[in-house]
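Naming follows writing order (A, B, C, D and E), and every chain is counted from residue 1.
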Amino acid sequence: MAENVVMLFQWLVFLGIALVCIFASIMVISNKNPVHCALWMVLTFLATAGLYVMLHSQFIAIVQVIVYAGAIMMLILFVVMLLDLEVELRSRLKFLYSKAIGGFFAVLLMLGIFYAVITRVLKGNVGSFTPEKVSAMGNVKAVGKVLFTDYLFPFEVASILLVVGIVGAVIMSKRREARKE
Amino acid sequence: MDHLLSTIIFLPIVGVLVLLFINKENHSAIRVVAFVFSLVEFILSLPLFFLFNNATHEMQFQEVVPWIESYGITYHLGIDGISLLLVLLTTFLTVLCILSSWSAITVRVKEYMISFLFLETGMVGALVALDLVLFYVFWEVMLIPMYLLIGIWGDPKRRIYAAMKFFIYTMAGSVLMLVAILALYFFNLKATGIHTFGVLELYKTVIPVGTQYWLFAAFAVAFAIKVPMFPFHTWLPDAHTEAPTAGSVILAGVLLKMGTYGFIRFAMPLFPNAAMVFLPLICILAIIGIIYGAMVSMMQADLKRLVAFSSVSHLGYVMLGMFALNMQGVEGSVYQMLNHGVSTGSLFLLVGMIYERRHTRMISDFGGLSKVMPVFAVIFMIVTLSSIGLPGTNGFVGEFLILLGVFRSKIVYGVMAATGVILGAAYMLWMFQRVMFGEIKNPENMKLKDLNMREIATMVPLVLLIFVMGIYPKLFFTKMDVSVDHFLKGFKAKYEMKGEAPTPRLTSILTVESVRERVSPSSGTN
Amino acid sequence: MGITVPQINFSIIAPELIISAFALVVLLLGVFFPRTGKNDYLGYVSLVGIVVAFLYTFPIMGKSQYAFNNMIVADGFGVFFKVIFLIIAFLTVLISIGYARRVDIDFGEYYALIMFATLGMMLMAAGTSLITIFLGLETMSIAIYVLAGLMRGDRKSIESALKYFLLGAFATGFLLYGMALIYGSTGTIILEEIAAYIKSKPELLRSPMIIMGIALLTIGFGFKVATVPFHMWTPDVYEGAPTSITAFMATGVKAAGFAGFIRVFFSALGAFQPDWIAIMWLLAVATMTVGNVVAIAQTNIKRMLAYSSIAHAGYILVAFVAGNELGTASILFYLLVYAFMNIGAFTVVILLGKRGEENVLISDYAGIGFKYPLLGASMTIFMLSMAGIPPLGGFMGKFYIFSAAVKAEYYWLAVIGVLNSAISVYYYLRVTVFMYFREPEREITGLTFSPASVVAVIISVWGVLYMGIFPSDILALAQRSITGLL
Amino acid sequence: MIIPTVPPSCYLVLGAILFTIGVIGALTRRNAIVVFMCIELMLNAVNVSFITLSRFLNSPHGVMFVFFVMAVAAAEAAVGLAIFVQLYRTRETINVDEINLMKW
Amino acid sequence: MLDYVWLVPLFPAVGFIINGLIGKRIDRRLVGWIGCSAIGLSFFFSILLFFELIQLPPASRHHEFEIFEWVVSGDFRTVIGYQVDPLSILMALVVSGVSFFIHIYSIGYMHGDPGYPRYFTYLNLFVFMMLNLVLANNFLLMFVGWEGVGLCSYLLIGFWFERDSASNAGKKAFVVNRVGDFGFLLGIFLIFTNLGTLDFTEVFHKAPSLDVTLATTIAILLFIGAAGKSAQLPLYVWLPDAMEGPTPVSSLIHAATMVTAGVYMIARCNVLYSMAPIALTIVAVIGVATAIYAASIGLTQNDIKRVLAYSTISQLGYMFLGVGVGAYGAGMFHLMTHAFFKGLLFLGAGSVMHAMSGELDMRKMGGLRRKIPITFWTFVPATLAIAGIPGFSGFFSKDEILWQAYSSSHGHFLLWAVGVIAAGMTSFYMFRLLFMTFFGQCRAPEEVKKHIHESPKVMTVPLGVLSVLSIIGGYVGIPHIFGGGFNKIGEFLAPVVGGHGEVAKGHAVFSFEKVAHAAEGGGATATAHGLQSASMEMILMAISVIVALIGILMAYVFYIKRPNLPGIVAEKGKTLYTVLINKYFVDEIYEFCFVDSLKSLGIALWKGFDDLVIDGAVNGVGHLTVGLSGVLRKIQTGFVQSYAFFMIIGGVIVVGYYMIRAIFY
């Protein structure tokens, strides 16, 4: 009984979050105002964070909220504001057809992915990183352990990557200095 | 003497290097250096002739150096009686070409001479290469200098078109040959386990008939374009017409022979069964070429175009003779290659000489030149007659043997081809008449100067050769007798060993399943 | 429950470390010792770094050592690619010295980003897990996004950065999704383990999920190597980016894309070869044909070279389809020779420009062949090499590629390939037509040749000739390099 | 004891839907920043799939992957926004359908 | 001594080389002297050889000498080699002898011409080639000579190359000859293919093994060659035009020697022809048809050289009639006498032209017999000879042919009848020529009249020599009805050509079955019918003489008695006259059928096929690619989203393919 309630609850939460996700992302792509788009985007990210929690990835959920919804989206929002972008007008180009066809193809692609993820799904190599173990040692700790052992190398690479990103961002957004002859 | 062939191939490159260090304004020094190098080259090639052993069909003066070991590609050179004569023709004509460019080329002389020497390397290399890849390399190397010669020093009006057409046309044909070479290599690898591109080894491989068709077709297209055989010939008139004189000479004299030489050295002995299957087609195309070339030639208004189309006709004989597959046909065909080089080369030189004086090649601009240029007229006459194939000149011997050979192997072809004899006389003499005979109508022609000593020096060797080859052909036939005989015997022997004929696999895309078999799931890991 | 640190073997990643160290040094030097208008020294420092890194590839040559929990490997394949990338980086830096100053991008970050991008490429080649490859790819890409748009005042440059960035990120989405699905099907991201898992569970061969993953990976890598129809960014980006970076992209990014592509598809997904072979066949044909055909109509030489680089990707895909050892080895060989000839060509493009007058139209080349004979000759060599004329490196590259196709009995593919290379002759020769056959309409005067660029041309010419005439050693090396990969 | 009852397929389908919405957005929106957001949406969808797979395979790789994807996304965002800013400075627009100086 | 046969052609070759290389730089007289002495020496050696030969018994009068191997290829082998036998030595004598006199004549005739050295160069070359032709011991060398004389003919016809008509005529001669050579060449191929050799001795030795069809084919092909060279129907058209050359050339090449090569060749190949009766009949019919056809044209021509040209064609027709009925000796006999009198006639015409300042139209001549008496008096015997007046050389040879045409086993009454009619025409037009030129009033313009003068000695002496030969030349072949033993020439030639009288039986050299049979056949016919036919022969001979006399009479009536009669007759038979004076419009028809149509075909092939179809296809592929390029590049719109759009489409295709494989495989 209790299990059924938990099941039901889980389903309800899942469906709720999924609907929020989908709705919010549809709003992202349909809203004319970039600022609103960004805000809907934040909502999508937050909802996704909820999903992560449901999937026992609390650490990622937190990061999602802080980094994605917080930092990245704020950055985007900031730039949108900075550039003082107006409400998006309909394109003066007759893109409609190609957009419709593109959308159609995207949907086809989606159907393909549906097929791929639903039918004949074979489970991959099941590992030992079970939720039980994880919750036993704490999610963050578990993740951290993996990160600094197995993923030490990618972690270091990521640092370089971020350096590149920072340097790139800085150098790109620097105003063009007047050439000193 | 061990590296004679290599020396001959790369001497022109040395010449190029020397030229690079000469001031480009110093035209006379450049000319002299280029001439000296070509002359030394020719003199170096003479020992080939005199030291050549007539009695053996084996390749002589061989040099084998591994080049790309993993493929078994070697730097393998050697000559037999067939290539010997063509090598000599090449070195000989180059000397004359450089001589003939003395005053014709006044701009960018250095680049010109460099191109020419490069061209010589390519030509000699292609003739003596006994490794398919090496041959292909030289074969393509020839294209570039020729392309530059046409494009830079050609007639301003259409030179770019002609150069591009020449390059792309021949290139398109030869790339297919490359695929065929590779296919042959892998076939041989599978059959014998030997990594080799060496022609001599590949001669021994027995190839199933079905495979032969495709391989032969690929080789044949490449060579047929170069020859050029009838439907593939349209690059030739353009290239010939637009090229500078010496370019036309080399183009007609040597480059076209690469096609026919390719047939005799590669396409036919490697794939005799396919050659026999394609024989009627090739013969008929050759005959069409003979007659068609003559007919079209007859009506040309441009001298060089006329000679170009006559090449189509003459090369038709060569092809036909080769496919007669008997001693007379093949020997005549080889001989006719030389003849064509000498006589058509001379024709282009002569046309170039009057072009230099009048800056026109239109037949209608001339007339009555015999009167003002008697020496020219005599030489022109001799060359024309050689081109017609008059007995006593070289042209006759080749043409006669070819026709005889063809007649022996298939009478109908022989009869049809022989009609070219009539047409050949008609268009050449008509041209000669319009240029040399009649009143001088154009006042500009009155002032024309006869040939100077340099020009005479250019032509005299050719004229002498015309007669020597016509009167004492034995000198040359003894060189090639054994080789041609060996070619025929080898052809026949291999023809009779034909492998069983499974259907050729060319539809790989449809046979994914077989790929799956080859790549079983287990082989997917490392 | 302490942390067990994985085996750390710095010698395996020595080149990467050196490159990143030097990148940082250059970065800092650029910040603390900026010498406006005289920043060439940064380039030379970078060159030193690259050379040192290059020297450190020798110790790891001929080994096959994994490190960092199988995240990265030092095997022949990776090392060969590292050598390619370092050569490319070396040449790129060489040609940048002078050019960067001309277009006002000669700050430390420029050289640092080139080195970072090189690092990313090396990771792609050496990475043996999806994550390493992904991170390498992103490191490279992000650096290149920036580099492409570095001429900030230039409308075209920034446009090319935008296009490359948006489409690159878009393609990354597909790539990632593919990785996710493959991960989902196998439960691991280490390539070897993926292969082993597939081998242990043959029913996986028919699993739609993993096949979908492969399809999405095809799209992702297809974008990076610019195969049709994922090629469309190429011409625009190549045209707009600074020429030195275009050269870098055309060679380095493509090579890195192929490195990752091959690594993933052959090491991990080799069992699926029957599945991907036909689509690769199609992509190869489409890529070659579209690249070559459209290149014909181009008037801008950078754009033309962009299309030609698409075509070259098509040739490489031919070898990819062939899928045998010969094919893979020929890809390595081809990419190396392609690096030489393509960078060489772009160097000539750079040399023929001057401040405010880049001379990138093919018609600007009229008469160059006689005005600057050696430059013209070099350009001719590069063009002919790309067209596949012996005895230049490009020919040998194509020779190996097509021989691989023929060996695998893909005759039609080989035929289409060679016919395409005949088509390509047309536009490559057009450059020589302009250089030698046409009279110039306007004089190009006042060019100053940067010595470093001239050195780059010389090196490229040498490379093209060497690999054309004496290809044996390098081919043998390439063949040794791929042992254990398939 | 927490038993996962919502099958992984559902999460994966949700991921696919989000991905597709992102694709459609990237194809249709004019504003480069919005296009970029849509691409972020795609990455987010992939992240969902990763986490799901990681959860149901009991393996840490998916989580790690997502972690790095986020890092990449951050770096990309930084660079991308810098590009947009720079673009706006030179072209005074970031509408992608007004940016076709280079074509054919 | 016979081994020195190569000296005979050598001298002219030497003369050719010397004159050709340095002729322009040395004194003119020296040039002429070199030219003549070269031929003279050649003639001298021919005579020596001749006497050497007749020392031998008839059966062994055959000698071959090989100089060097020429073309050797596999089983094919030909040599440069000469042979001496009665036939070749006879030809050599005629050729070198007549040439010698014509060379001498030329010194005078050409003395003012700027191309004097060139002329002698060509002429020597011609003699060299002609001697090669007649002395060759194999078909190929014969062919060399054959083509060589054609070349010289071309060069000499077009000697005055500034004149378009001359160069046209030269080209025409060469090309038409090439048509004949085409046949000859095929004949040679067929011989070699079937017999494996081209050596005369071996070919004729092996020939009996050929089957009749093959022999016939070979014979006909060879005859095509002969018809081209000897201007027989339908390949005669070049000969009248050939008169554009200098007159001694016409005399030497286009009357006395070269054009008779065809007859010689058939006589040489008599073994083959005797095996092929059909071929023989064709030869005879063509011969007689040519004889009457050309004679009928000759009736109306006004150009003195043209009349002679048609007359030559007609006489050649006789020769072919002779060889065509198997009477090779008779044909050769006529060849020889014809060489004398026709050579003389041309030289005479040349002398007339010389006197008339180059005038050729007979209507502008007349009454010349007093002004140039030597020419006239040498001209007359030649005219009588050609007309077939008994006692002159032409009578004997022509009558021999006519008799054989009637009586030979290959002969037929009709052949004889047509031949006789042609003979009548011959005497008519020859006397017409004689009367118009030398009798009546001089119709030349005053200016020309003043300059009429006799030719110099150097010209008249050869005329005299030849006129003597025209008279006595026939006495080597007196018909056996006048005394069997006197047909020296038939007797002499019999070892080679078989045929005549008693001797035929005895010949031994070629005593191979078929040959012997053929020869005996001929001989037997003669002897078997000997007695009854003697009277018949007398009758026929009388008829032909009467016909000839009627021809003369008519000419006399038309051109002496009633000079206005020709006009009236021409008016009456206007159509016929028009046809005849326009030479049956054959030139026009040929022009239309072959020349024009070939030219338009050439243009059609060039412009229509080569440029449009082939090159069109080639360039079409190029343009298509470039066009495709132009279209495809438009996909690249520059909009980032359209790129993404194409990526998606491509992605869906890729994904779709994989999925379909995943689902269905």
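Just so it is clear, a residue touches a chain if its C-beta (ideal position, glycine included) is under 8 Å from a C-beta of that chain, and two chains touch if they have at least 3 such contacts.
What you see is a predicted model; the values in this text were computed from it and never measured.
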| item | value |
| --- | --- |
| Pair of chains joined by more contacts [C-beta pairs], D-E or B-C | B-C |
| Chain with minimal offset from the mean of all protein Cα atoms | B |
| Gap in Å, rounded to a whole number, between the CA centres of chain B and chain A | 68 |
| Where chain A and chain D are represented by their mean Cα positions, the distance between them in whole Å | 6 |
| Centroid spacing, where centroids are CA-atom means, of chain B and chain E in whole angstrom | 39 |
| Separation of chain A from chain E, taking each centre as the mean of its C-alpha atoms, in whole Å | 103 |
| Numbers and ranges of chain A residues touching at least 2 other chains | 93, 95, 99, 102, 106, 109, 112-113, 115-117, 121, 123-127, 150-151, 154, 158, 161, 164-165, 168, 170-172 |
| Contacts with 2+ other chains: residues of chain E | 622, 633, 636, 638-642, 644-645, 648-649, 651, 655, 659, 662-663 |
| Of all residues in chain D, the ones touching two or more other chains | 12, 19, 22-23, 26-28, 35-36, 53, 57, 59, 64, 68, 72, 75-76, 79, 82-84, 86, 89, 96-97, 99, 101-104 |
| Each pair of chains that touches, named by its two labels | A-C, A-D, A-E, B-C, B-E, C-D, C-E, D-E |
| Contacting residues of chain D [partner chain C, same complex] | 12, 19, 22-23, 26, 32, 35-36, 39, 42-43, 45-46, 49-50, 53, 57, 59, 61-62, 64-65, 68-69, 72, 75-76, 79-80, 82-84, 86-87, 89-91, 96, 99, 101-104 |
| In the complex with chain A, residue positions of chain E that touch it | 639, 641-642, 644-645, 648-649, 651-652, 655-656, 659, 662-663 |
| Residue ranges of chain C touching chain A (in the complex, touch as defined) | 1, 3-6, 8, 13, 20, 24, 27, 36-37, 67-69, 71-72, 104, 107, 109, 112-113, 116, 119, 123, 129, 131-132, 135-136, 138-139, 142-143, 145-146, 149-150, 152-153, 161, 177, 181, 183-188, 193, 197, 201, 203-204, 206-209, 211-213, 215 |
| Interface residues, chain B side, partner chain E - complex | 165, 168-169, 231, 233-235, 292, 295-300, 326-328, 331-332, 368, 370-371, 374, 385, 390-392, 396-397, 400-401, 403-404, 407-408, 411, 414-415, 418-419, 421-422, 425-426, 429-430, 433, 436-439, 471-474, 477, 481, 485 |
| Chain E - residues contacting chain C, complex | 622, 625-626, 628-630, 632-633, 635-636, 638, 640, 642-644, 646-647, 649-651, 653-655, 657-659, 661-663, 665 |
